[in-house]
Amino acid sequence: QEPKTGGVINAVIQPEPPGLMLAMVQNGPVQMVSGNIFEGLLRYSPKLEPQPELAESWSVSEDAKTYTFKLRKGVTWHDGKPFTAADVLFSVEMLKQTHARARNNLAQVDKVEAPDDYTVVFTLKQPFGPFLGIFEVGSMPMVPKHLYEGTDWKTNPYNNAPVGTGPFMFREWQKGSFIRLVKNPNYHEKGKPYLDEIYWQIIPDAAARSVAYETGKVDVLPGGSVENFDVPRLSKLKDTCVTGAGWEFFSPLAWLWLNNRQGPLADKRVRQAIMYAIDRDFAKDVIWNGLGKVATGPSASTIKYYTDDVKKYPYDPAKAKALLKEAGYKGEKIRLLPLAYGETWQRWGEAVKQNLQDVGMNIETIATDVAGGNQKIGDWDYDIAFTYLYQYGDPALGVGRNYISSAIAKGQMFNNVEGYSNPEIDKLFADGAVATPDSKRKEIYEKAQKILVEDVPVAWMLELQFPTIMRCKVKNLITTGIGVNDGFKDAWLDK
Amino acid sequence: MTAPPAVSIKNLRIALPKGAERPFAVDGVSLDLRPGRIVCVVGESGSGKSMCAHALMGLLPDTVSVASGEIQFEGRDLLKLDDDGWRDLRGRRLAMIFQEPMTALNPLMRIGDQMAEMFEAHGLLTPKERRAKALSLAREVGLPDPERIVRAYPHQLSGGQRQRAMIAMALALEPAVLVADEPTTALDVTTQAQILKLIRNLQRNRNMAVMFITHDFGVVADIADQVVVLRHGKVVEEGPAATVFNAPQHDYTKALLAAVPSMDPPAREPLDDQARAVEVIGLDKTYVTSGGWFREDRRVDAARAVNFNILRGETLGLVGESGSGKSSVARLVMRLIEADRGTVRIGETDLTQLSGKALRAERHRIQMIFQDPFASLNPRRKISHIIADGPIAAGLDPKAAFDRARDLLKMVGLDAGALERYPHEFSGGQRQRIGIARALALEPEIIVADEAVSALDVSVQAQVLRLLEDLKTRLGLSMLFITHDLRVAAQICDRIAVMQRGAIVELKPTAQLFAAPEHAYTRELLAAVPGRKERAPAA
Amino acid sequence: MLSFIAQRVLKGVIVLLAIVVLNFFLIRLAPGDPAVVMAGEAGASDQIFVNQLREKFGLDKPLPEQLFIYVKGVVTLDLGFSFRQQAPVAKLIGERLPATLLLTLTAFAISLALGILFGTFAARFAGTFLDTAITVFALIFYAMPIFWVALMGILLFSVTMDWLPSFGYETVGANLTGFSHAVDVAKHLIMPAMTLGLFFMATYTRMTRASMLEVKRLDFVKTARAKGLSDAVIQRRHVLRNALLPVVTLAGVHSGTLIGGAVITETVFAWPGIGRLMYDALLQRDYNLLLGVFVICSAMVLIFNLITDLVYRLVDPRIEFAS
Amino acid sequence: MKQFWKSMLRSPSGVIGLIILVLAISVALFGPMLFPNSPWRMVQRPFLPPFTLSAVPLGTDALGRDVFAGMIFGARVSLLVGLVSTLVALIVGVPIGAMAGYFGGRVDDALMRFTEFFQTIPSFALAIVLVAILQPSIYSIVTSIALVSWPPVARLVRGEVLSLRTREYVQAAVVTGQSNTWIIMREILPNALSPVIVLASLMVATAILLESSLSFLGLGDPNLISWGYMVGAGRTVIRQAWWITVFPGVAILISVLGLNLIGEGLNDALNPRLSREGR
């Protein structure tokens, strides 16, 4: 079918983003909106193969230490200035200071150079397997040098009216109501984008969001914007299409942090008992409406080097009880910290609590909001805590950080907060990141997965899927593994 | 008789709701109102006076209903009127003045507008004419500075002025019949005298028929052409004023008349040789009502250099108009409020120097009897506690205190069964006796009685006065007796102090004061006492 | 009159400062801070990042100094900067205030108007079936949680009947102007304002009823009847006017509850007001913004109070202003 | 006392309210003994409609938990929150109001400024912040609700005391040498109590609503089931499972209504003037 041009899409954004300058703030909604305004050098297919975006082509040197990118010519910023290699160099420098994940990703980079206006060369200190996976817009957005260089980035006026190279331009933001983006007529891919405008509607209540969809006020509900319980009902509505695609790059994996440091949970058997005690199929079928997959270990199945050849923990309360008894658990109080991200997570917290109580654990739920929860987790002030994390396509980017002992640092919440420390694992992940070729990496990571699953440093729950719900007339919305966050440049409306 | 009656009430019966003290508030009352004549309806509280008046205006409360009878007016039976019929007559042909000038006017409307409403209600005149008319009415009832007053709000007027405004309203449409329900009870004697004169004059000029309700025989003597005496809703005596006063037929009438205190003070023993029980030296008190940060304070001098003393066994009267500072002096003496300056000495103790525990310990020596028999007893405490609380607080063993309470009740003429009851189960007179018993329970040397009998019916008043007199002599008490009623003062006081605007203007033995008042204000007060001209019936 | 207002404003400012100080400490008692929240949302949190944020937010300074800086700002009418939203607090609140004012004032008007109407009827027919019916009707809205009524309203009027929009302040993207824009806003306003207003209606119904019955017993009503005035005039001119005074003053005192109630209404109807802003600011520990909202809300309550007081004083001649 | 009950029973709203309250309280007290099923236990398949299985008469919720059990256990928490927070509000408000009214002057000024201060902060907003700060638990919820609801009590009590203080029987107590505490406790407060009782009955209702609103915003105690929690939790699935929200919602409605009717009845019973005199 030929794409048609024109039309307006109303999509839901939740919660309201704190800003749109992707280089400065990176939470979910910011990425979702700004992904239309900014671009990265690459994007990734659902299979996570790199694809051109601002970089036309790229090559890797023999020793896997030099990456050369050829930039697309004729790309302009929304204000008309040309996009060049200088912008890339500037962006790298800026992101190292403002973008925590980019800073980590770029840690292996020795130097970046621009031999000419349309060539950028990254030289690494040592080979880094996942290096080609860090150029997506959310991980490394390109920032206009001419607007930011030499200014105070924090107070730069363009933070509130961002200028990018993307298919849509920022037009208007009525705080609390909507954000309006309009078509970039000078977009570098001819003919794109197809849409004239995008309205991101800000609707704080989940129930109100599904009503807004039902009553035709919005056309797109990006993943996670309605409660899971509503998904089946909405999916059945007329002219409604649902897709679970678009999360391959992030591969959100939900697990329970288990505080390995103290109390009963310091005992591996208790942690294993927890794995046996929790009915994860129930959680998937009832709480997540059958979406997603029961996790087998630290890697999501969409991530490179995943293996399911690990110890299995089926739902087995009897075994859990036996393990607890063996470990000498005597009903010590265990604090459970659910995730304050809405009803689904609350229900899940309740179900897990019930599961654990059923095998004789004494669970007390600690209520707190997101800020309080993060603080508690960061301060290791918990026994069991829900979380879900993105995996960014490669175990070196999104997996290792949670298990290596060098990532134990109080006050932070996405590293090894469970306090698991195993020299063998440390070594495996250290080797895995720099090993070549691929088969070597595969071997290392499969081994790591086996060890971790046996040790249960955290209790893996589900590979999550956040279905995107939209009117069927919206075509080609999700074309990459980054999903809605990658912008609507391919989307068109079948009027 | 002379002219035919304007209103003729025949055999009126008004039924009270179930559970009331008696089945009929008004039980078979018949009376005629004639043009140009004033009929006074007298009787004790609750005798049904107001009910008659309200029935005549069609303003009976929802809960009561007319059981039988008729009210003939201009050839119609008023009781058969519908709402519209009543509305047409009210104000236009029948007008009424109420007892409380303070609350009978809408606080949010200007006086003139409220007067003009009279015409508006009956669709008369243009708004402009109504205003003009209101002004001339205000002038007619003798309101000072009428232009200003019609634009004033009720709270800006004194009680007497408000009552004049009410009268102006009532007279606006020249009604045939005026009903006045105790229109002067809430006023000072001097103001009362003026208002009575005003009503009398206007009624003469306009040849109105007036139904005047009062419980004060002095007022009756001043104003009535015809008298109707009510008791328990029944007419017990009726006739021309002179006849009723000079030759009362019914025992009840006789008793009522007998209970009216005389203006002639009885002879009293001089007490000069007694020791001083209370000495008050140079009391000053100014109330300052804070006006907030930016408003000027309001100051009222309630006591100015007040000096007096009371001898043991003596009763000192304190008289004066409302607001003259009588109660303030009483409260200063009791140390219920702090004096700005001055000394109150009880025996040798200077009360103004004490505070806290020490003060509490001395309090029992001077006790108080309050005005309102309903407000002065805690409705939620049994009589036994009300009386015994004081002695118990003073350290008496509870059992002894309760015994004393029993004795005291006997002394004030109540039986011991009263101990276990609550205040609401007693009549006004009985409550006042309980109040007296409470004051006596602490075996005080001095009693301060602030308007202790003002709220009581004459007959009850006489009993309570007798009781006080009796207790005083039996227990050798001194008493500060505050009243606005000169007749009462004449009967009970050894000496009388006259107060005006916070200062004592004259202080003399009672007989002397009545015989030869010196201060102009005293003379004015004495002249205004209602019923002076009539020969007071023999006591 | 002027000095009265000046006095009240001065007092108000003192109350506001007290609120600032109290809330300043209160908010900081909560676990977590904006840096933690933002680090969490960014999906990355290394110490450099969090420290950067803390420094940026001025959270690295000692608490008393932070307070001093803040209070100094408030005194000079500067509510500070929201680092999370990268904008001055005053601007953020300014963007939302009109919506909240529109919502609360409409709700206030609805609750007062309906409350007085129903209360008058109930008092007029006190003790009859009508009285009970009105009371129960008003109470039903009072007895249902606001969010529940809101939900039902959305289901009924938006989903089932499709009469009214279920969220927002105006039709986004319609670019309406003038009258049609006003109609559009009104359509969006009906449900939230009703939900909020009907909840408070019961209070005013009850108060009006009681007050009317109280006033009815007063002597001057008898005087009015003795004048031969018609019932309607008596009710309107003598009873209602006197009865409304306490209702209106109390309504002023209640305005705090009303504004508080707006948090829920704004959440359910996605109404872009400061109630939502407050709740989000709280969850995100956006200290300056949260404090700013508190200051503004409290100021609104004080202004509501002042206005009702002024009305009271203008209507009631018994209370005099110093000149 | 007898008279009080008589007039209370004479007002139909009072009777209905009393019946409702007694029912609710007995459910809260005895229900959990009769139906000892934990309301958190997942007993059946999720979203089971009501009246289909006698074991779960009111159906099940999103996790397959018994709605009926939730209703019964929820009564306990909702009523407890309502009663306890009202009690705490009274404990705070009555003494403050009494002291302000009795001592007047500076004490009054200071206490009333303090009260005003609390009334100026939008109450629900303050409650939200307090619960969020103290972290949601039954204690923090009760505390916050009490903290935002005592000012009206203080104001009311102050007003009453202010007028009672000048009553003659109070002065009589002063002149007979009673201490201030005694006078406040014995002479003044008992007579100031009737409007406070009326107000308190309404406050219980308001507190139940407040708790449900807090639960709605996710600020309920996660370890205890309350009606407000159930409504809040069920609202997202109201389209497919109305019963999860409707039953507890109706329970809140009826209890709040009942408490208000009691307030009405109390008002009539304790203010005989209003009811008896007619117009």
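Letters A, B, C and D mark the chains as written, and numbering starts fresh at 1 in each.
Criterion: contacts are C-beta pairs under 8 Å (C-beta built on N, C-alpha and C of every residue); 3 or more make two chains touch, one makes a residue touch a chain.
Just so you know, these numbers come straight off a predicted model, no measurement behind them.
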Pair joined by more contacting C-beta pairs (B-D or A-C): A-C
Rounded Å distance, chain B centre to chain D centre (Cα mean): 46
Whole-Å gap between the CA centroids of chain A and chain B: 87
Centroid spacing, where centroids are CA-atom means, of chain A and chain C in whole angstrom: 39
Whole-Å separation of chain centres (CA-atom averages), chain B against chain C: 50
Contacts with two or more other chains, residues of chain D listed in rising order: 132, 135, 235, 238-239, 277-279
Two or more partner chains touched - positions in chain B: none
Multi-partner residues of chain C (each touching 2 or more other chains): 30-31, 151, 155, 267, 282-283
In contact (per the touch rule at the top): chain pairs: A-C, A-D, B-C, B-D, C-D
Touch list for chain B against partner chain D, complex: 61-63, 334, 336, 360-361, 363-364, 366-368, 370-372, 375-381, 386, 389-390, 393-394, 435, 438, 441-442
Partner chain B, residues of chain C touching it in the complex: 3-4, 6-7, 10, 218-220, 222-231, 233, 237-238, 241-242, 315-318, 322
Complex contacts: residues of chain B adjacent to chain C: 57, 59, 83, 86-92, 95-96, 98, 100, 103-109, 117-118, 120-122, 153, 155-156, 166, 169, 291-296
Chain C partner contacts - residues on chain A that touch it in the complex: 8, 10, 15-16, 18-19, 21, 24-28, 97, 99-101, 103-104, 154-155, 159-160, 174-178, 180, 197, 199, 201-205, 207-208, 211-212, 214-215, 217, 368-376, 378, 389-390, 409, 411-415
Residues of chain D touching chain B in the complex: 167-169, 171-179, 182, 186-187, 190-191, 276-279
